[in-house]
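In the two complexes that follow, chain A is the common piece, with chain B as its partner first and chain C second.
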Partner chain A sequence: MTAWIDFARGPLFRLSLALMVLGLLRIFIITLLEVRDGYRANSDKIVSWKEIRRQTLGWLFPMFRLWRQRPIYSTVSFLFHIGLIVTPIFLASHILLWRQSVGISWAALPQVAANWLALLVIFTGAGLFLGRALYSPARKISHRQDYFWPLLLITPFVTGYIASNAVISPRTYQEMMLVHIYSGDLILLLIPFTKLAHCVLAPLSQLVTGVAWKFPPGAGDRVAETLGFADRPTWVLNPRLTTAPVEEAIRKGGVAK
Partner chain B sequence: MASVMKSLTRPMTAEEREKAYSTPKKPDVMERQRLPVRYHVEDFNVEDRPRRFLEVFASVLQHHPNYRLALDHYMRVTTRCARCAVACPIYDATHDPHDIPCYRSELLLSIYRRHFTVSGALRARLLGDPGLADEKLQEMADSYYNCTACRRCHFECPMGIDHALVTHLGRYLLSEIGIVPRALVVSTREQLIGKTANTSAIPLPALIDTLEFLTEDIQDEKGVHVPFPIDQEGAEYIFFTSVSDFMMEAETLKGIAAVMKATGDSWTIGSKYYDGINYGLFYSDQVMEHVLHMMRAEAERLKVKKILIGECGHSARTAKFFYPTYCGGKNALPVISILEYTQRALKEGRIKLDPKVVTEAVTYHDPCNIARPGWIVNQPREVLKAFCSQYVEMAPNGRMNLCCGGGGGTVSIDEIRPFRTAVSGRLKAEQIRRTGATYCVAPCANCKKQLRELMEDQGVECEILGLHDLIYKAILLPPDSAEETAAAEAADGSTASPAEGSPS
Partner chain C sequence: MDRVRRLKLILWMLLGLAAAVAITRFFFGLGATTHLSDATPWGLWVGFDVMGGVALAAGGFVVTATVYIFKLDEFHSIVRPAVLTAFLGYVAVAVGLLFDLGLPWHIWYMTIYWNPHSPLFEVGWCVMLYLTVLTLEFFPVPAEDISALASVRRFLVKLRIPLVIVGIALSTLHQSSLGSLFLIMPYRLFPLWYSPILPVLFFVSAIGLGLMMVILESHFTAYLYRRKPETKLMRPLGEAAGWVLILYLALRFGDLAYRGQLHYLFASAWQVKLFWVEIAAMAIVPLVMLWQRQFRKSSNWQWATAAIATTGIVLNRIDVGGLADLSRGGSLYLPEWTEIVISLGIVAAATLLFLFMVEHFRVWEHRPADPDADPRKLPEFNKVGFTWLGTPVIAGRVKYSLAFVLAAGFGFLLLGSPRAASMGATPTPTHRARGNVGNIGLQLAAARTGKPAPATAGTGVLYLDADLTNWGVTFYHQREIDRNGGEKSCVICHHMNMPHDQESGCYECHRDMYLPTDSFRHDWHASPKGANLACVQCHERGYPRTSAHVKPCSDCHKDLVPAGATIKITTYIAPSYVDAMHTLCIGCHVKVAQKENKPEIARCAECHKGKLNFAAAQNYLYSRHAPAGRLVVLPPPKVSEVH
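Right, the complex of A and B next:
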């Protein structure tokens, strides 16, 4: 079992971390490039930067607006996120691992605080799960995976907490560590490919929306042309009566597809 | 705020529900069009719709990088937390999961994910998913016109998703395969290729008649000659408003003309094009662009310096935020709303309002299109507070206001009035009732129409009017100078007519 743990703590962790960083970097950059494309396609460069900044900061530090709607759920979610980010980064034993392997270290949380934070994550995480399962609108729009995320995310916290606090046999300790490390690695791996990617993408949302409302001039006409409707746009009589507009238009040689 | 909304809510009774979803549409039409929606749709080709929808989608993505950007991003970040549900007045009324903003957006996002991303295509292959089905199109056709595109939910989404943008895109895509409310297309058709070039099909002679009549009216009521200038080349402002105002909102227009008279700024209405309405915002970027080009052509013909938009929310928004998009970016003519204009004039002391005239309680409804971006929130309030002795706020208000229930063009779709007044305007009616105000000022042609119907159907005693209706009551106009009287007599008390030979 020790070998398994060492593997997960060493090479697998490094791989997961690298994939996470690269993956997040990739979608972050892709999004920025798409923002650039959207911005360039437009002749109107009037974007309300002030509003974008205001809204982005507002959601990065959401304590002032969360209470507006679903206050309990929102507060729970806020606390969950804090614990989720802070605890693993500032846990003394994690920092120790960093020091041993790469030789870098930073200030650690006192163990008591870390314990409380871990409990916070566990309970708020369970709260998020219940909030989703019990609040009917959320239940109605949830995908199956949405129930899975909070459970997966609290797994390393539950096992980590038990391993470091409970009086357990060395064997159980090892089992806990095994689950702890593998679930942690799994989370890192999954972040860039799932909705967890919102950890880096969400701050771009206001920018994206601001630019997305800027429509490229002439695009509407070009769409109609591509579809073979250049002479019959939506507002002309019987707008869309042809059966196969595109094929027909291509046959007539009018449209490059 | 949550509490305000909660306290307003009372569940819909089964009876109300039935009425709200009733429709005058004939079942055989729905059958023929395979479209169980409550609004009328002109006949279109129903064969093979999913495939054609995807072709349209592909083409739109190809030419609009902005939409690809939004969809890619929204698809990645959406966490389905359901906070938006509480912000949406429609969901509040119906409690139908199909009316949760996030659900609405997911309709389109899931198609995008399935058909336009690699991972979606792979997944579909693994799971043997056949792809877009006709039922989904039908659902979208219904859902995207239940949303009033008010953008309220945008403020409550921690992920920053703008569901109204998705609704906009959804409607655009549907319209390209022929699914679009008849009311909107018919008006747009008249505006873009009809003889009268406006959505209400008001011919120029009728417009001139109306304006002359209004001038006479003001002369009788205020004893002052207040013209509605037409085709004044080189004027400072060209004036566009929802063209229906010329039939329905005489008082608003008189108020605006009185303000212009008092400030003395030159302004004009164009005889070739005088409609501010732009239904493109509600269903088609192509339409929006063409309508704005007509506006631009008229402004250039008359060599004006600025564009002045009357009391109309979506006209103001399309002009302010999309005129630069389509007509020259930063070099485009500046767009000003009459609400900003009047507030500035009042602040500069160029108009005088009598504070003793309006003594009844007055409240203010924020039209979504101008309030949501934070553009026009305080200006009209400042004006109202300056001369109304009893001003009351409704809550929530300002940028977080509740939509009148007729946004996104739905107010023009007469056949869905039961839905608008029972569902989408439900909270609004309660909100206005609670202010106990005699007048509710709603400076937007769409809001006014919807709110009047709402007051009637929900039995609320409150008169809906425009800001300038009240201003007209209270404005103090200096008496005409001798020259002005002479000019007025020379014009036979009439409006300045368009130059000889201008088309009718």
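Right, the complex of A and C next:
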């Protein structure tokens, strides 16, 4: 088991971290480039930069906007995010690993604070999961993977908390570490390729909808042409207009025409 | 464009892999990422990235000379790609050099701190100037599309002939000077490669390689972009390269015969096999292929000929640059995979830049058209993600960046832990200074009374090669004592008394040649077999048992520091033997050199006079103190020598 732990702590961790950092950088840059492309394509449209800035800042700090609508959810979610980000970065044991392998270190949280933060993440994470599962409107807009994320995210916190407080379960340290490190690596690995990427994309969301989410002039006709309805003007609501040709094209693996 | 896209995907992957290695190299240094050592400090990066890169870029000056000086106008269409290849080649050389330099941020030093005696100084200046010339030669091409730069462009076009002449002069200078670099090491290079005419050989082979590279590049891009291959145009270039290669063969074998080294051709060293592979690839096989009738018609045949010759000549540069080196200890240098990845990554970056230039500027008569970029073309679903990724530019952005990121992650997975945390210098334990130090007390007494010292007083000469390699410094101990004021001068250098000893030798604490060592032996103090001390006999009760809460060593070791010692001990971490000696000796020598106006006594060669086969000359069994205090007699060192 030690060999497995060492693998996850060494090469696998390097892989996960590199993929996370570079992958997040990649989607951030790609998104900005696409916003630029969109802006160029829609240069005749008016973009309200002030409104975009106001919306972005408003949604980034949940106490402003979300607080008014769903105070409990926004508080729990905010606390969950704080613990999720602060604890792994400023945990003394993690910094020690950095110092031993790379030789860099920074200020650490006191162990007591780290323990409380871990508990905070575990309970708020469980709360978010239960809220999604038990609150009917939330359940209706949830995909299957949405139930998985809070559970995955609190896994390294639960196992890490048990491992660092050995009195809870003295004989399972190795097992806890194994689960802790592999689930942590898995999270890092998944961040840039899943909806967890909102950690860098969230600040861009208002920009994308404000700037890029506009159709270029004549786009409607081109869409219609692509879908095989070139002969019909798109602005006429046509009952015969179905999605059947598109579905057939997808089945064939290409586009019709 | 399908071939181009596939190639770009592979190149971005290589670039990602190289990025992972590059981060490791600049964070953890050369030791973590290369097989280079003090014995073989130049390897693949110098041989391939720098010397091979410079030679591969020789096409620039060869083709510009052909067209603008010799006025062979039928080759006008290949000037722009050749100049672009040369320009990117030199950029790659400059980037590759940054990887190989121990202190890359000092690369500009040679422009300020001149060393006009060094061929490397000349190479550095020439490469810098020629890169500037190539930039000016190529600049009119991208400037064509920008109307604001029209006047600059017109000026540069007028300047073309002088630029071409300066370019040829600079190329001639440094293509040959790269060979001159190795004239300094006749005993390090295998005799089949070492030659006093290495500069000439380098220059001639660079011309051949330049021509071959133009052929290779033309046919390769024709394959990539599905253009019509320029078989007819390339034929005379190939034939010219053939004559150059014949001249090269004549020079190389003629030189070997003239210097009586031909018997090495059939010696039984592995370097001889390497030599034959190299000569076959760079000259013999291409020459035979050039003679065949297929060379006139078949683009594939021309392509293969050029590829083999290019490989051979680059192999020649790698051999001279490090592979055919004879290292002092007979150790063999083979490049680490990370070195190969960095080299490939630099080539990949240069190729991607080439493709970018070709697609965006008029490097050829016509820019290659991308049928997929037509806005009227209907979108296609991507086979993997089953989505439409967008126009070719956007789809490329998505795919190439993903390839880069995944490859970089994979690279970090491959870079094992010991490599990511550099092992640093190999531990090299030090030993007592060798030689007949004799009885200093008797010598001092003799000096005081003016009588000749008795035979038992010894000569007072030491040989300092603490790693027992016979490469050391002869140290006139007695002379230093006499010069610095006799008995009271001991404390100028000696600053520590070991228990039951006085003015202990340097090796007692500076226990490693290159690494700092801990002069305080905690294990020994705590061990029942050593001092057998309990923790609390040194550490304070009730405090963490660290160096912060401990009584000073001098509480027990009353005479640890000699009275009046000039070197004050602040920590018990002793610097490496080399650092300690250099700091002590050079510090004093520099002062005396200034005071007495004798600059030569501060030079390296004042002390480092070369190798002394000490053990054989004096049949001397040297000894050292084992930690327990017993005297141990060691066998003389075995240093395997190639020569």
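One rule holds in what follows: the second predicted complex is superposed on the first by the 206 of 257 C-alpha atoms of A that agree within 3 Å, B and C clash if a C-alpha of one lies under 4 Å from a C-alpha of the other, contacts with A are read in each partner's own complex, and residues count from 1 in each chain.
Operating definition for what follows: contacts are C-beta pairs under 8 Å (C-beta built on N, C-alpha and C of every residue); 3 or more make two chains touch, one makes a residue touch a chain.
Everything quoted here is computed from the prediction, not taken from an experiment.
S.K.: Compare chain B and chain C by how many residues of chain A each one touches, and report the one with more.
M.R.: B
S.K.: Which partner does A:Leu12 contact after superposing on A: first (chain B), second (chain C), both, neither?
M.R.: Touch status of A:Leu12: second partner only.
S.K.: Name the contact category of A:Asp37: first (chain B only), second (chain C only), both, or neither.
M.R.: In the superposed model, A:Asp37 contacts both chain B and chain C.
S.K.: A:Leu201 in the overlay: touching chain B, chain C, both, or neither? Say first, second, both or neither.
M.R.: first
S.K.: Under the stated touch criterion, which partner chain does A:Thr226 make contact with: chain B (first), chain C (second), both, or neither?
M.R.: both
S.K.: Touching A:Gln69 in the superposition: chain B (first), chain C (second), both, neither?
M.R.: first
S.K.: Between chain B and chain C, whom does A:Val102 touch in the aligned arrangement: first, second, both, or neither?
M.R.: A:Val102: touches chain C, not chain B.
S.K.: A:Arg26 in the overlay: touching chain B, chain C, both, or neither? Say first, second, both or neither.
M.R.: second
S.K.: So which positions on chain A get touched by both chain B and chain C?
M.R.: The answer is residues 30, 34, 37, 226 of chain A.
S.K.: Please output the residues of chain C touching chain A within their complex, sorted ascending.
M.R.: My answer: residues 20, 27, 378-381, 383, 386, 394, 397-398, 401-402, 404-406, 408-417, 420-421.
S.K.: Applying the document's contact rule, which stretches of chain B touch chain A when the two form their complex?
M.R.: 1-2, 42-45, 47-48, 52, 55-56, 59-60, 62-70, 72-74, 76-83, 85-87, 91, 97, 100, 102-103, 106, 154, 156, 158-162, 165, 175-178, 180, 185, 188-189, 192-193, 283-290, 321-322, 324-326, 328-330, 332, 373-374
S.K.: Write out the stretch or stretches of chain A touching chain B in their complex.
M.R.: 27, 30-31, 34-35, 37-38, 41-46, 48, 51, 55-56, 59, 62, 68-71, 73-74, 77, 135-138, 140-143, 146, 195, 197-198, 201-202, 204-206, 208-209, 211-224, 226-227, 229, 233-246
S.K.: Sort out for me which residues of chain A touch chain C in the complex.
M.R.: Going through chain A, the ones touching chain C are 10-12, 14-19, 22-23, 26, 29-30, 33-34, 37, 101-103, 192, 226, 250, 253-255, 257.
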